[in-house]
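Given below, in the form of structure tokens, are the structures.
Two complexes, one shared chain (subunit A), two partners (subunit B, subunit C).
Our next item is the complex of A and B:
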């Protein structure tokens, strides 16, 4: 059986090929993913190797550069390009994990609230509102104080802050779906609540969940960078773009490229994810109209 | 032979902020094997609510009270959800009004048909597909193999309603509830779908509850009729009798609203109407709900709940005025 998924994916791919922003951002994302995965093969140097004799070398497009270090070196003499490449791993791993974990939490809560309504809905919406009232940086700081820092800790902390949009959107989409006749028809043929939620309603919400997922992934990457910049996220010597920015801060006036390079990387990655999600939303909406 | 479905004193209420809405009041009836029972009435009279209450599909805020609901002799009123789900779709099935939205847009027609069969039978995917294919042929869908691979949006309304009928028949139910099955279709398709339903009902030897607001549909389909008004049954009886000697002023009013070909050359002939509007069902309804629209109303009508009277065997009505008096007036104005 070809199945509905196979066929609609093929038609989606066909329409995506005609959408310039999806093609460009998609190509960029694929490239950055390949670079991150193949970092040990691509990176010219060990990102952790200090060489104080070659510290603060400018990148290749500035005077006084060293051709051996395309993007120069940081204040400890570590190759900036290698750190940038390894930093992409951190950003992508954190972005993807947060998207999955928060997506799972938010979609589950949204489905339950939208389908059952009543008391369950009230409790879940109370949790959503409580979460909206929590300041992420204060909580992240407390987590670091109590548990120390680790990548897992950073992922879990950010995940617990980004599920609310999934929950709210899935909840309202579920409420709409519940009143559709096909849900009543499913009940009339003897489907259980669990089957109706996962087998009948969820497949109709996949588009919305994917689109929110891209938005939240971009957001998670930015939050990771911000947490690392403030010292609550990834710690030295692990290469993280936010951490590179934090170190570059004191060299702002004389070695400003230290700031521009990770900043530009972050900017383009987040822009690409957002453009991709945006284009995807348009494509999927067009699919709904068909 | 015992009844397929027996319903005793069904009440459906909705607690609203402005009071309690009495959507269905003390509705009782039986459905015999192999009969088509029509429930007829205007919008909001509680006919769909009655169907949903039988299938346990009411909105979660609705309160359903029922003295007895027996399906093939077994009380199913207080059956746990899990057991009830085994009946739904297998022994009793429902066809909905809106074929455009009753199919899930993300699954193919074949998937959705097979789903019913796999849910209730220990069957393989292959069995289910064969069954689905044969039913699509039975409901008159050309090129069934191709249709099975299509999505609901690729089918017209009439075809989708045929798919819904096929889906309801997948497990050969004993009872099928058709809730305004042709209302959303255009007139030529309506006639085809009705003929199809009637043929399949006879072929599968099913009982059918047909919910409609169209007396024309009742006349050509039903063995017996229940007329509902403002949440209660105001008259019930064999179709012939209801059309020949309607005994409740509301039924008489409905029949007067039917256009008559014999009256077409009469210049003075006008189509009948029922003056007034349906009373609010919020709060207790006192006396006869039809009193404020009834041409024969007397003071006693507004005092107490009107009891059911028998006009003949199998024919009962809920009115204080003896039918001989109202009927004379009906026959005069209807001609």
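Our next item is the complex of A and C:
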């Protein structure tokens, strides 16, 4: 398996380099990740430092700006650019963690449902349908009321809502794999169910799981922002884009730039993740056909 | 068809049962409701009296069964905060959310169906590109941010539309667009992909060979096949919109059940939160049930297989 897989990865990388949408969105994502990781080095100010004498300074493209604060300052006089940079950390950490946890839950359930079928499949699909019926925001808010607010809590809460697509896609892919020759061959030479699932079927589902992963990461970032916006996610003074938008809401009329900056950051991050995922899906589909 | 209906009905009821257990447990994990009602400064006797009055001293299973039995006949208890029957509060709020949900779904379908169909008939045309752009942007757009930007542009700057309340139909315009646009990308992509598949299929080729008109091929043959996934996804999107209505109603102070749900969660008004979670879940279950039954009527393969 390693031989052809290594080669296919290299050829994937080569084809990705020729795909404009994957290159642009990928470069953007790498740039944001670098900025987020290197935030202490890049951010011009401490994102927590209040300065009430310099409240609500506009960004440099507006009149009355202060060149020391490129994107102005928030209602507490904190540097907006620094908070934006640190906010990227929150979005990325939450997006990636939720993707991993919900991916683990959903892939496991999908593998079990698709492989064993019957009762197990019925029960798992029933749980998927039940999860879909739960209103995300209302239940997430109740969970926060019960367990309190923390980054870990936010990650776990969102993870509990985003595993269903992994489960459904992995289940149907596993159902197809079960009837393939390689699985039957593994069975006939007496491989254990665990080995067939993890060693034979799972490696062939990696592509599909990665593509779903990008979709769910984008969703997780949007849900975190919305929860923080409503006051049930990340709390002050931690810089989160959703929280910055909640604050901007009180200044919509005179300082609407407070609203545009974090919102645009959120939009472009999610857009880049989606485009990257779409491009990856097309590349992988082309690879399967070749 | 009857077996299919009964099976589907049974699983819908089971889902609701599981959700009722879930919401009930969540509410009771939230800490002692007697303290929540009495307030933090209440004396031990007061709390004991409230506990006995509301029946919180009974075993949990008994409390759950009592709650379920009452919920079945539409009695969700009384709000801790407003001291009003929850069912009355729901009855006044529900129509607002339903109007919002229906108009948002209507908005989403009015955009996604025509654009998806035209995009499928003329791939790579200008319309195809515009609809792809709308879908890509819509997928990345944070709904609450979109709502706030509309408030700044159409409410505060241009002063075309009211920004809060639910006094007139104009109050519903921006919430409808915010919520409807959220549901548009999935529906548009589905319509386009389904239509392309249908137009390449054998039955459309046969219809062409018979010399049927383009209109008849499109609307009588191809569209009918596209409608099956569109109906299913519309039901799912409707459920997602009911959930998303919390955010949108909160922003526009549109006082439907989403707004009430937010208000109740902030106040830890558990009977109201429980009832709204259950009602929204019931709506979703009902919508997907109807969609499945409708699809079984549209496509015989579903009801037999």
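Keep in mind that, in the parts below, the second predicted complex is superposed on the first by the 285 of 290 C-alpha atoms of A that agree within 3 Å, B and C clash if a C-alpha of one lies under 4 Å from a C-alpha of the other, contacts with A are read in each partner's own complex, and residues count from 1 in each chain.
Just so we're on the same page, contacts are C-beta pairs under 8 Å (C-beta built on N, C-alpha and C of every residue); 3 or more make two chains touch, one makes a residue touch a chain.
Note that this is a predicted model, so its numbers are computed, not measured.
Q: Overlaying on subunit A: subunit B and subunit C, fit or clash?
A: Fit: subunit B and subunit C sit side by side once superposed on subunit A.
Q: Which partner does A:192 reach: the first (subunit B), the second (subunit C), both, or neither?
A: Once the two structures are laid over each other on A, A:192 reaches subunit B alone.
Q: After the superposition on A, what does A:267 contact: first (subunit B), second (subunit C), both or neither?
A: Touch partner of A:267: subunit C, not subunit B.
Q: Considering only touches as defined above, state whether A:141 meets subunit B (first), subunit C (second), both or neither.
A: The second partner, subunit C, only.
Q: Which partner does A:129 contact after superposing on A: first (subunit B), second (subunit C), both, neither?
A: second
Q: Using the superposition on chain A described above, determine whether A:204 touches subunit B (first), subunit C (second), both, or neither.
A: First partner only.
Q: Based on the superposed arrangement, let me know which partner A:99 touches: subunit B (first), subunit C (second), both, or neither?
A: neither
Q: Determine, under the contact definition given at the top, whether A:181 touches first (subunit B), second (subunit C), both, or neither.
A: first
Q: According to the stated criteria, A:84 is in contact with first (subunit B), second (subunit C), both, or neither; which is it?
A: Once the two structures are laid over each other on A, A:84 reaches no partner at all.
Q: Taking the C-alpha centre of subunit A as the vertex, compute the angle to the C-alpha centres of subunit B and subunit C, in steps of 10 degrees.
A: Rounded to the nearest ten degrees, it is 90.
Q: Applying the document's definition of touching, compare subunit B and subunit C: which contacts more of subunit A?
A: Of subunit B and subunit C, C contacts more residues of subunit A.
Q: Closest pair of CA atoms, one in subunit B and one in subunit C, after superposing: how far apart in Å?
A: Closest C-alpha pair between subunit B and subunit C: 11 Å.
Q: Subunit C touches which residues of subunit A in the complex?
A: Counting only subunit A, the residues touching subunit C are 126, 129-130, 132-139, 141-143, 145-146, 218, 222, 225-226, 229-232, 245, 248-249, 252-253, 256, 259-260, 263, 266-268, 270-271, 274-275.
Q: Within the complex, which stretch of subunit B touches subunit A?
A: Answer in residue numbers: 55, 57, 60, 81-82, 85-90, 93-94, 96-98, 101-108, 111, 115-116, 119-120, 149, 151, 153, 164, 167.
Q: What residues of subunit C sit close enough to touch subunit A in their complex?
A: Touch residues, subunit C against subunit A: 11, 14-16, 18-19, 22-23, 26-27, 29-31, 136-137, 139-145, 148-149, 151-152, 156, 236, 239, 242-244, 246-247, 250, 261-262, 265-266, 268, 273, 276-277, 280-281, 284-285, 288.
Q: Which subunit A residues qualify as touching subunit B in the complex?
A: Residues of subunit A touching subunit B: 2, 4, 117-118, 180-182, 184-192, 200, 203-204, 290.
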